[in-house]
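Chain lettering (A, B and C) follows the sequence in which the chains are written, and residue indices restart at 1 in each chain.
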Amino acid sequence: MTTWKRKDLLSMQELSADEITAVLDTSAAFKQVGSRQIKKVPALRGKTLVNFFVEPSTRTRISFELAAFRLSADVVNISPTTSSLTKGETLKDTARNLQALHADIIVLRHQSAGAAQFLAERLQSSIVNAGDGAHEHPTQALLDVFTIRERKGRIAGLHIVIIGDILFSRVARSNIWALLKLGARVTLAGPSTLVPRAFAEMGVAVSHSIDDILPAADVVNLLRIQHERQQKQFFPSLGEYVHLFGLTRKRAEILKPDCLIMHPGPINRGIEIDSEIADSPRSVILDQVTNGLAVRMAVLYLCAGGKKLG
Amino acid sequence: MTTWKRKDLLSMQELSADEITAVLDTSAAFKQVGSRQIKKVPALRGKTLVNFFVEPSTRTRISFELAAFRLSADVVNISPTTSSLTKGETLKDTARNLQALHADIIVLRHQSAGAAQFLAERLQSSIVNAGDGAHEHPTQALLDVFTIRERKGRIAGLHIVIIGDILFSRVARSNIWALLKLGARVTLAGPSTLVPRAFAEMGVAVSHSIDDILPAADVVNLLRIQHERQQKQFFPSLGEYVHLFGLTRKRAEILKPDCLIMHPGPINRGIEIDSEIADSPRSVILDQVTNGLAVRMAVLYLCAGGKKLG
Amino acid sequence: MTTWKRKDLLSMQELSADEITAVLDTSAAFKQVGSRQIKKVPALRGKTLVNFFVEPSTRTRISFELAAFRLSADVVNISPTTSSLTKGETLKDTARNLQALHADIIVLRHQSAGAAQFLAERLQSSIVNAGDGAHEHPTQALLDVFTIRERKGRIAGLHIVIIGDILFSRVARSNIWALLKLGARVTLAGPSTLVPRAFAEMGVAVSHSIDDILPAADVVNLLRIQHERQQKQFFPSLGEYVHLFGLTRKRAEILKPDCLIMHPGPINRGIEIDSEIADSPRSVILDQVTNGLAVRMAVLYLCAGGKKLG
């Protein structure tokens, strides 16, 4: 049924277009489950998922937790506040302990790029990267691509504009890989300090203003400005950012009528996007959240070696 | 089977006597489940409950969590320490995200009066108010009323005395509404700063001493003195409070032999109540805890639109 | 099938050799469950386990949580950060509330010796001691003994050397009781401040150097040095400790070829043990973790009064 042979999901960079499509197709099947009277399938009954979040993220943790519940898996959460596990112990030792406890799948959020791969190479447990530093956040890219395909019917040939802090964004990096592999045209936009020209080497266009590129966009994906921890030397003032890169009501008027507006959340209303644009019919921000559940079910199911849907 | 048509439980003020009775009758049915060999029913299998506690409360959170488990629902907990969810995001946006994740029921504890209603008006998910500021705590009132009815066989005509910090108590407010609707006579007692005469407008009696009213009480409900955060300008010294309003061993002698002694917990032994009175046969404090489980099962079940018991 | 009649597991001191053997035999049966396709049995379906950890311990909490999941029990976690439960409330009152919520089993980790027994005498709920101060940690001893028996086929007649901070170690204390009851020979080793001669009264040998005793050991159990909270007046410098008591690569050469190397974890690589020795074939450190799951399933099952395996 599927071309998926991996035990881990570490990055979009390593996936082929066929593998990405396999995840999207499986996600579509699981999305059907969400419309049933009883939203559970026994696919992972008796299997254990560990949400190992060294860096906190309530929303991603919950999405994986609910995806696991729907597959009838058992879930254990390890948060940074429950730090005694890792005290005086290396990441590898902690993970080997989780494997010794028969953790079938470890969902890892970690502040260091490469942490998920490091574990994947050393453990038999499946490792799902839920964000590693500024490197990748593959399930976010998969749910973004799923949402676009669901609305547009395809990815190839679409023009996707990603706006914001690209340099430090794992969401951007995973999206770029996924979109290019599936044949989309990608333009990155933002302040020159945050969107260096070097990105062009990946095969994308780079722009430091958006008013000229928005009219041609099929999809606009706005990244969250984490202004509380944004590095001062890279980031303009908030007012200047909104003026230059915010999707204001006025600026939304130059978008195509069927342009999709996306955001990985949580949104800063009035900063990346005006409040009424976030809630407008072109916004698929909440669809992304819903689709995240189906995509994560698919990823857990495929990595656990699932063969047929229950 | 029931007159319940609501998707939410927000307050006792909005419920009719028939609706309250419907919850109590359903609770009684669920209490039977607790005496079975296997204490679970499949009523909410595949449904998701989110315990969204912006203000912490371990005991209420656990009661809802166990109630959900017995109905075979899946439970996700969001505590204030897992604050990243709400960072830079409005309550409404957070809740809409939970709805997008197919949260069937959101149990909300929040420091602001009206928070539960605000969400209920904007979401399709069922909202259960687990305490909103000094406004209401309806499941506490329901479990209190259930406990009284279980022991006394009725509510109408009984004389209930509620003692303590009424002004800032959501427990008191919810109890007053529930008891009056069911035909009880209610007297509020406590320091005049905490029990203003204005409460008489609700249809209750107000007293600033208790020795004259205790002999006629069928039920005494002692509210918790939260002396660590009690507002200094309203509150007498702890010693003075105990002297005037504490249910001491001596004072308990003037109660009717079958007067019920209640407390929402956690109790301050030696402050609101003497230790041996808290553990005496007339105390139903632990019955309240047990009944809370059945009442919350009923509330979750009814709000989720349950038709028949499994 | 079993000689187990207890509702609680409080200490190894109180168990007979027959009772210990009953736990080990039941654990072996449960370990089989871990190799099945679906790793769950319905033995405790509908029962509730509360992980009540007043002192934090992520790894022990997770082990009990996973054990409960495999028995199909529902689990509620109470951590020290969710402290509102215990605010202004005695341990006994908190526990009585948990019992009123139908907690069938309370797993207690507490900083005070005797806390588990205190609750066991006052509640109908089963109490499992998950560590009480410097007193006992019985499930750790049971999993240690299980691991030895699994590898060596027996306990009687073996020579077990326990190295480290014995004085303040509940792990050591529980191991000593278990090993002696099952007929092992036990030698305690470490600095004289941490391994006082008085231990000899328990029926063990005491040594303040290890090079002379290692060659005769069948098992070496290294306790974790908690140097961040080790009491300065008792503890030598870290370098001196490693020099005198660390299981270095060189020192490992004098061990028997089939000597088992154990550690309750988390290990401090390079302190109690050299990294390559911790990962060598003689090390059963990760087996201990895996066996902990089976042993805790057995303990929960037996204390809950289980009669036959599902």
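Just so we're on the same page, a residue touches a chain if its C-beta (ideal position, glycine included) is under 8 Å from a C-beta of that chain, and two chains touch if they have at least 3 such contacts.
Note that this is a predicted model, so its numbers are computed, not measured.
**Q** Pretend chain B isn't there and tell me which chains still hang together through touching.
**A** Leaving out chain B in thought, the network of contacts stays intact as one piece.
**Q** Tell me the rotation angle, 0 to 180 degrees, that brings the C-alpha atoms of chain B onto chain C, to the nearest 5.
**A** 120
**Q** Tell me whether chain A and chain B, two copies of the same sequence, contact each other through the same residue numbers or different ones, using over half shared as the line for same.
**A** different
**Q** Roughly how far is chain A from chain B, going centre to centre by Cα mean, in whole Å?
**A** 40
**Q** Which chain C residues sit where two or more other chains touch them?
**A** Expected reply: 81.
**Q** How about chain C: which of its residues touch chain A in the complex?
**A** Where chain C meets chain A, its residues are 34, 36-40, 56-59, 61-63, 65-66, 69-70, 79, 81, 228, 265-269, 286-287, 289-290, 292-293.
**Q** Of all residues in chain A, which touch chain C in the complex?
**A** Spelled out, the residues of chain A in touch with chain C are 45-48, 50, 74, 76, 78, 81-90, 93-94, 96-102.
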